[in-house]
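The data blocks that follow each hold one structure.
The same chain A turns up in both complexes below, where it pairs with chain B and then with chain C.
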Partner chain A sequence: MYRGQSGQWSWLLHRVTGLGVLLFLLVHIVDITLIGFGPQVYNESLQVFGNPVVRLVSLALIASVLYHAYNGVRVIIIDFWSAGYKYQRQMFYAVLALTILSFVPMAFFVIAPVFGVCPQGDCNAIPM
Partner chain B sequence: MPAETSTRVVQVKVKRYQPDQSAKPFWQEYRVEAEGNDRLLDVLNKIKWEQDGTLTYRRSCAHGVCGSDAMRVNGRNRLACKLLVNDLGARISVEPMLGFPVIRDLVVDMDPFFAKYEKIKPYLINDEPEPRTERQQSPEQRERYDETTKCILCGACTGSCPSVWANAEWVGPASIVNAHRFIFDSRDRGGAERLQILSDRTGVWRCRTIFNCSEACPRGIPVTDAIEEVKRAIMYGTTDIA
Partner chain C sequence: MATRVTTNPKVSPFGTTPKPGAGSGAWETFSWYFFRVSGVALILLVILHLVIMHVTNDVSSTTYDFVAHRYANPFWRVYDLTLLTLALLHGLNGLRIVCDDYIRTRGTRLAVQSVLFLTAVFFWLMGTMTIITFQPGKTVAASILGLLHH
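What follows is the complex of A and B.
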């Protein structure tokens, strides 16, 4: 393994989270397609997202989307702003901070029902 | 704090490849007495001259100018002649650079590297009639590409680049740095031709702004910045970019 610095890890994480989001897209296409079988099939199929393990996978998805989005903006800034490359490391730390800050409240809504806390009022509600 | 210059024993782990003996690379450890102010190249010389004459590596000027002794030291591409034992710790790992075919021990095949370098036409292109004096330019015009004149073609940037490891066809950072040196030279007229060469699928767009190259460059060239400038020149269709 080459001992690269933050730039290398930001890129690797971007790749991995990008793949993760792509995998979810396939799942998403399947679950959206089920609406063609009527509201009952669709609603029942969505119950899987209430499963605690699937909720954990949802957390990974949220973290992936957030990181990939913020780091994507970082890459765009490096590409278009001539001084951007000088601040790539600071921007990486900002990306991590923003990812964590946005992740915490979203994660709370997704995972709290597993512990009997129901921020949406109904513990069977599917996080949306 | 004054630099520690006392003699100490350093443990050097070298990733060796001796194709006439073994098809697989193997690690070999050497213990060497070295001064704190010795360079890694001095340590390798001591091994070669006093312990194991079969250890193979390139070196020429030994002063950071010729670019012969780029290798992976403690996991990062460095010139062995620009590293002090003081800065390396008591255990040093030395490997050939990634992304190059290994010929023997630390010696890698630079031919594909130089083929890509030649592809970007690394020489002045200007068919205009020769002026009576030198082709002049202002200090500002010279400053425009100053950083990329510093390249010594050691390959440290190219060998540190994951896009190079993944795709042997990719032109790589060193070639783009040398293209930049002429593209932004006010005396040169081959910019459009070079931008054309660098705009295809083996050109600048494979750079994913990973920054390993900038960190590895022993000359301190902001390599990623140079690549980004070439990207913007292609994108905006002009070298007149900020």
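What follows is the complex of A and C.
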């Protein structure tokens, strides 16, 4: 009843996204440390994040954070609401739907500059 | 000789971890609550952080001057320090749980947990140093020397 069912997938996704976000966190702590070496070093390192391939990594990070956050709420609801377990599968689908719904608009802002669309301002200001 | 550690199946049919029962100790119960409390706080902290860095601004425009402007307000330093601390502890404690699922001998578990603990200390000190010592126009070395002179 468990293997291959929504419960196993939600658990596996929670784990994989959690580990992915943790890995990024450790890298991110190292990259912000570069700010202590002055504007030139930091601004140069920042250009990495403008790279289209690295933008795809950012998308994976954002999707992981959103899923992990919503599924975390689902886990807490199952823990503290006595009838929560009865709706675990419906809540899993709600988590997936919310993840996609909130991911799409955020993804637009992250990926648009690759196609020369800069909703946040001047495209020329963005080092690619 | 390696001691086998008996473990309860950690995973319920619903993909969540049951609250540690009798015999798990106060530490595991604290850890269980910490995941939930820090998790709720992190939802707000991380999502706002992502929106600021990837939606209202493009990540490539979050330059040195951007940070200098932002960190002129101590609120964002406290915000980032809270985010750093909770995310590191939540994440590395999560990794500890994952490792415990696969490592069944007490000695190896202790070794892995020691490494995770040292990782937490190392990265926390690194991030904290960056957040606290950042002064526009000064390198981290100059900032620390400046602090020592006062």
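Keep in mind that, in the parts below, the second predicted complex is superposed on the first by the 120 of 128 C-alpha atoms of A that agree within 3 Å, B and C clash if a C-alpha of one lies under 4 Å from a C-alpha of the other, contacts with A are read in each partner's own complex, and residues count from 1 in each chain.
In the analysis below, contacts are C-beta pairs under 8 Å (C-beta built on N, C-alpha and C of every residue); 3 or more make two chains touch, one makes a residue touch a chain.
Owing to the predicted nature of the structure, the values given are computational and were not obtained by experimental measurement.
A.B. asks: See if chain A has more residues touched by chain B or by chain C, and give me that chain.
C.D. replies: C
A.B. asks: Taking the superposition as given, does A:Met106 touch the first partner, chain B, the second, chain C, both, or neither?
C.D. replies: A:Met106 sits against chain C, while chain B stays out of touch.
A.B. asks: Kindly classify A:Leu46 by the partners it touches after superposition: chain B alone (first), chain C alone (second), both, or neither?
C.D. replies: Once the two structures are laid over each other on A, A:Leu46 reaches chain C alone.
A.B. asks: What is the contact status of A:Gln120 with respect to chain B (first) and chain C (second): first, second, both, or neither?
C.D. replies: Second partner only.
A.B. asks: Which holds for A:Thr33: it touches chain B only (first), chain C only (second), both, or neither?
C.D. replies: After superposition on chain A, A:Thr33 lies in contact with chain C alone.
A.B. asks: Look at A:Gly4 in the shared chain and tell me whether it touches chain B only, chain C only, both, or neither; answer first, second, both or neither.
C.D. replies: In the superposed model, A:Gly4 contacts chain B only, not chain C.
A.B. asks: Is A:Ser82 touching the first partner chain B, the second partner chain C, both, or neither of them?
C.D. replies: It touches chain B, and chain C stays clear.
A.B. asks: Overlap of the chain B and chain C footprints on chain A, residue-wise?
C.D. replies: 1-2, 5-8, 10-11, 75, 78-79, 85, 88
A.B. asks: Quick check on the complex: what are the chain A residues that touch chain C?
C.D. replies: Residues 1-2, 5-11, 14-15, 18-19, 21-22, 25-26, 29-30, 32-33, 35-39, 42-43, 46-47, 49-50, 58, 62, 65-66, 69, 72-73, 75-76, 78-79, 85, 88, 92, 105-106, 109-110, 113, 118, 120-121, 125-128.
A.B. asks: What does chain A use to touch chain B in their complex?
C.D. replies: Those in contact with chain B are residues 1-8, 10-11, 75, 78-80, 82, 84-86, 88.
A.B. asks: Spell out the part of chain B that touches chain A in their complex, as residue ranges.
C.D. replies: 72, 74-76, 98, 160, 162, 208-212, 214-215, 222, 224-225, 228-229, 231-232, 241-242
A.B. asks: Residue numbers of chain C touching chain A in their complex, please.
C.D. replies: 11-17, 19, 36, 39-40, 42-43, 46-47, 50-51, 54-65, 67, 84, 87-88, 91-92, 94-95, 98, 119, 123, 126-127, 129-130, 133-134, 139-141, 143
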